[in-house]
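Note that chain A is present in both complexes that follow, paired respectively with chain B and with chain C.
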Partner chain A sequence: MIQDTIRQEAKKALESGEVRMVIGWGAGSVPFKTTPVFVDNPQDTDKLIWNPACTNNLAVYLTKLARDGKVGIVAKPCDVRSIVTLIREKQVKRENVFIIGVGCGGVVDATSLQNGDVKLREITSLEWDGGDLLVTTETTKTKLSAAAVLREQCKECDDRTPSVSDVSIGEAVVRASDLKIEIPGLSEDRQKYWAEQFSRCIRCYACRQVCPACYCETCFCDRIEPKWTAKKATTDEAWMFHATRAMHLVGRCISCGECERVCPVGIPAVELARELNAIAKERYGFEAGDPQADKPLLGNYQENDVDPAHHSE
Partner chain B sequence: MADKLIGKDKIGDFLKALMSKYTVVAPIERGDAPAEFQEIADGDTPVLDGSKNMMPPKDYLLPRHEVLVKIDMSGGETKVETPLPEDKPRVIMGAWLPDAQGIQVLDRVFLDRKFIDPYYARRRENLALVAVIPAEMRWSWFCGSVDDVDTWKAGVDALMYDLGDKFYVEVNSDKGAALLEGAPMSVVSDVDVAAKDKLWTEFKNTGLLPFAGKALYENLAWDDPVWGEIADKCIACGMCSYMCPTCTCFDIQDETCGNCVERYRCRDTCQFEDFTLMGHGHNPRSTQLPRSRQRLLHKFRYQHEQFGVVGCTGCGRCVELCPVNVDIREVLCRTCAEPMEQAAEN
Partner chain C sequence: MRIGVFVCWCGSNIAKTVDVEAVAEAAKSFPGVVYATDYKYMCSEPGQNMVAEAIKEHNLDRVVIASCSPRLHEPTFQRCIGAAGLNPYMVEMANIREQCSWVHERTPETTEKAIELTRMAVAKVARNVPLFQNDIGITKRALVIGGGVAGIQAALDIADAGHPVVLVERTPSIGGRMAQYDKTFPTLDCAACILTPKMVDCASHPLIDIWAYSEVEEVNGFVGNFDVKIRKKATCVDPKLCTGCGLCLEKCIVKDVPSEFDEGMGLRRAIYSPFPQAVPNKPVIDREHCRIFNGGKCGVCQKVCPTGAISYDTVDEVVEEKFGAIVVSTGFELWDHSALGNYGYGKYPDVISSIQFERIMNASGPTEGHIVRPSDGKTPKSIAFISCVGSRDDEHGHAYCSKVCCMYNAKQALLVKDKLHDVETYVFYMDIRANGKGYEEFVKRTIEDYGANYIRGRISKIYPDGDQMVVKGADTLLGKAVEVRADLVVLATAMQPQHDAKDLARKLGISTDQYNWFSEAHPKLKPVEVLTDGIYLAGACQYPKDIPDTVAQASGAASKAIGLFSKDAIKSEPMIAYIYEDTCVGCGLCVDVCPFTAIELVEVVDKERSTRDNQVVKTVARINEGVCKGCGTCSAACRSLSARLRGFEGSGILAQIDALADMVKIKK
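Up next, the complex of A and B:
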């Protein structure tokens, strides 16, 4: 079982002294959620779990925890893309990370479970059963199709096994290609669409804080001198924040979708990054999270690069 | 006024009549966005059954962005304007009872005798509160664990219980009676009363946890190791406080534009690093640990000491939304099971 193997590998790494801590997912306060855990004692490795609710991209903790000394991290393929980006951008040293990579068929958006007949408070466990999610309560077992419960980003993810790892565990059960779902493109009337989205922003910065690529020590929007954007939650200021953040994430956002998951007002921030990443791929052949690229997109100027100012659509 | 029933099919007419006398504020869904408490206009269909209340009614009483002072120096002389909200009768409909109780907490902060906030007061003075007990309790609620919810009824002018195709309406004040005067309501039967009592019992018993009825403020210690554990995983976003129906902290900033200055108020939170950052560079809460501790101690101890109310109503928003599943209920269970001796604070 994948979970047992994760625990064994974590235990080995801790016992041998290779790492001082393993970052992984632990049981959440309710069975349909998980929570980050930081295991530093080989005896505590049974705190580590693996189930369809392991949503968090734990790479967000690396810039803080892998600064001094080596840590282990349990990572899905998308999380590994974040780690690759952090290493390439010299925020984390490769030798300071022990990657316990886990094959993944996608994770579940717990809130989408609410729409079915299932009552969240009654759920006792979630597990994959072939291509379906098996939701168990004390009295019932319900199968929900993966297409109905997977997070949007998982539906279009083709990365089923980690591209880089020190230990690789498990295989994906659900294949993305089996349930490829059409994700709507950007609205034709973009200005209006995004104005509506940003008008709801409450400026809680959950999108930024949960993002492994947002590692700046002081975000531009927290600066007072110069003041790039005001703190008030108006559409214009929110626009400035989200648009600048999107520009900072070109070629760096690996579409884990954490920003969308945590947004309390449902702003599809990852749509922006996806669009910009598509442009980066088309013009510069750069794919975010690709371990083959040796330099960051913006740190790799070539004389024959397409000049966006003269680029015709 | 005796309890009454109102059919859900009559709500539209009732609201229409109400809107001729009051500005009605209720959850309105716009597009895919979560419903927000807004002033309703003709043609709006607010959701009154409590099923779409993720955004708290605080957003109406304490807007996320509010201009406090406008200074205009463009004409050679200085004109100062303080744009207070309009003085008009308002009613908030469809707020969860825990959110209505949240407004009682806001009142303590903004209408305290020493410091009355004129902006908040203007919206609050002439406001009637109609709360709702939804047909289905949310999984994250733990209202009965933080307070005696029977006492909350006194804070609302009317309470509506969702009984499926109709609401059972309990009127608690003259304001509430005036509001419902002439409404298309019918008398209640014993069956309705039984259904209402059943729903109330369910609400009371939802999320009853080991700390229910205990004096939480006595159990939350400054030195508890739990603060460090929260801080380890906390990613320091402001969602828990921005979505909280009782968190009140705000920032005031000045913005200049040509010869004009606008002083506005916006949300702020103890979870942000710059919340306590001083002008000279020192930050008394320089790491996440004291920030995590502050939020809970403020809610459960400091507010209790200051105002005699607990700053948490068990609405469960932070439980549902925290990106890293820091669950306030677990923290309270733990500090209650293993209370620490109160150490000297510094």
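Up next, the complex of A and C:
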């Protein structure tokens, strides 16, 4: 139903010529392993799908695709926070995006669905049923608990309807957000923890490529002069890269978790930005992607700001 | 690359704890160093000659001076190597004094640290590139904001040196606080007698434009090239037609507006000049009180005006003007003590402020100089003066001393005795601060020749009893409670910054201190300058001052402006930021963080994406080189490393860090 409305809205926008393309999710190798699709023909709008496995943050494509003309984008509430950040940072003009906002109850990790009798290929529908995910196949109906299937970043999220949109589709899914995110990276032994994590980094930069906030044309780590990090994949150099990237994301990362999802060696890079954002919220009441905030966190100095040097935790 | 290293002893300042010879010896092995030596005073003439000769003899192209803070002698050595034929920016200072010898004992580690600091400077200088200054033209015209005695003096001094001045004043007349005073300490000159000639000089000076009833709205630009928007408030009176005859003032039917100039002790009309000697002597209509602007019928002033100067439909006019220098002389306000209950100000008519008492004593004031109490018009037989009301009082936000109250208390106690021979005066004080020329003698005269009763102690409460006020407090010298019955109580309320000082500071891009007084560039060595070039401070807008200090500072501010105007162009500072446009993504964070509003976003051709037939633009940041102070905030904020600081490029900074890391590694 939501999926039908998305297709109708996309078709309308394409037919009227308001947008030249709609970015959305389409079926992947199996219907619940989704992939980004770029629809530029009204006939193709039935390629667009919507289900709790639509995980990609599609805002990453806007910086290039919405530069010279208007495009439509199907966006979850968290994706909208990315779009808000891009607009504030002047990477996208508001008039160049047509936001088809979709209410969201959290997205799931498709691979976590296949257990026991359920095979990914046989699933015919996924839907939220209270606090559980109802997984239907031709023959079975299984309920899986949210804690077991939700993507990590969705566990504490209570942003269920898009804060900014041109068309808003779907009711917010009611689901208690009493789940807590475990952040092992903040434990006493965090230096050891992160040294272990970064030792696996192969410097493929997938985390950077998938991140909507990483839009620099030349990343600091690709500079030859000054050379802030060497190219070699050692723990020290990886540390320099990830720590600098985390600092670049303070107040800008909307915790979509894409960096963590795409990492081939499983480094939970989002944890760093998530913690920095938690500090920003606690000290300065700042939330990344909040359309009410008129200035970026690091570009807004108030005299009564908490001085971290004198801040007692 | 041929680097020379010169290690300074600074007498014993460095040599006492650092083995300077060992530092010079170690420096000889640093990469690129071809010559290293030490000397007792590098900054002395023989020391500088030594550097110059070594440059020639050893064909040096870069120099490291290991000595004191660059704040002290970087310009010295830039000049030194410049005279020896090198680009002045090919020198680096290693601060082995403030950051090493002064803060450590004489141990091997101290020398080691000095060697490391020198090694880092060598690494950085190896990456220095020549920098060049540009010429920037200047507008030789000054803006003076605030027409009190400070602004008047500054305007006269600048104009006398041959430069045009615009003197902006927000009230209808220049004159400021000083025009309100009766006599001035310690000489007892009549304030008006010494001030009004200066006001008239301003009005008649061919190079001074007085824009009264005007306010600064917006300030852009930079030293030598300020663009200022000034709002000329609508006065309803055409200054070209008005002769200042005063007929309108006499005939105006609104007669009950409390006079700001008389501090509410007298009344004025809705069309008014603040005082008889006002300059310009053109009245203005106060729209808040005029009947015409409050739905009433009137028009009397327009009817009686013999020259037809009055029209009710004038509107505010905002003009944009260019200036090369700005003198800020906006003065002070007095703390409204009525917020605080226990002294009864605002509640009891016979508890007044010192400035109100000035008006009462003044021959042109509301009582024509007769000293009477506001409640019943009777001549007081006893008067209590209370100092430090709000001043030196952390609790009420003024931890500072207002500096002039001790003196005007003494002056008022003396003058009142002069006029009313049988009055008893009491002055309650915390300390008597009379540190000016002739000041101590003046206070002594008040006490000894004029019989003022000086009581050291603070007042806890003032309350009425019959038709008198009871002043209760402690005599801290005798150590007992004291109670004085007075017919009139005069409170020396704290001086404080103008309520909108912060707004003006924001417009000017200058800083304020914790109380909102404007901050000078250096408390001792740059008391007139602010951190923004081309803006100077005069008078009490910086901190409480008496008239002599105010006038002296005004002349100081004027001389700074005149000094600036003595050149046809100023040299730009080359150690400023620039944007590497190829990688700038135009996110605008640098615009947000720049404390000097020196950065704007502009559209340029996107070289990467443009083709011969299709030109594509992109947005990038651009530095206004005249405004940038080279603080480096933008380059710290920039994620794409596109905002950069000349003289402090990432490559040089990283080389320093690498050099230090290498040395630490070797030690391990």
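Basically, the second predicted complex is superposed on the first by the 264 of 313 C-alpha atoms of A that agree within 3 Å, B and C clash if a C-alpha of one lies under 4 Å from a C-alpha of the other, contacts with A are read in each partner's own complex, and residues count from 1 in each chain.
The rule we apply is simple: contacts are C-beta pairs under 8 Å (C-beta built on N, C-alpha and C of every residue); 3 or more make two chains touch, one makes a residue touch a chain.
None of these values were measured; they are calculated from a predicted model.
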Chain C versus chain B on the shared chain A, clash or fit after superposition: fit
Which of chain B and chain C A:Glu89 touches, first, second, both or neither: second
Contacts of A:Val30 with chain B and chain C, given as first, second, both or neither: first
Comparing the two partners chain B and chain C, which touches a greater set of residues in chain A: B
Touched partner set for A:Glu225, first chain B, second chain C, both or neither: second
Superposed arrangement, angle subtended at the Cα centre of chain A by chain B and chain C, nearest 10 degrees: 120
Partner chain(s) touched by A:His248 [first = chain B, second = chain C, both, neither]: second
Touching partner for A:Gln292 - first (chain B), second (chain C), both, neither: neither
First, second, both or neither for A:Ala233, with chain B first and chain C second: first
Partner chain in contact with A:Ile202 - chain B first, chain C second, else both or neither: first
Smallest separation in angstrom, by C-alpha atoms, between chain B and chain C in the superposition: 6
Common interface residues of chain A - those touching chain B in one complex and chain C in the other: none
Chain A partner contacts - residues on chain C that touch it in the complex: 582-583, 585-589, 591-593, 601, 608, 616, 619, 637, 639-641, 649-651, 653-654
Of all residues in chain A, those that touch chain C in their complex: 68, 89-91, 215-220, 223, 225-228, 248, 295-296, 298-301
Contact footprint of chain B on chain A as seen in their complex: 28-30, 33-38, 56, 60, 119-121, 196, 200, 202-206, 208-210, 222, 230-234, 258, 261-262, 264-266
Contact set on chain B toward chain A in their complex: 31-34, 36, 54-55, 64-65, 139, 232-233, 235-239, 242-243, 251, 253, 255, 264, 266-269, 272-274, 319, 321, 323-327, 329-330
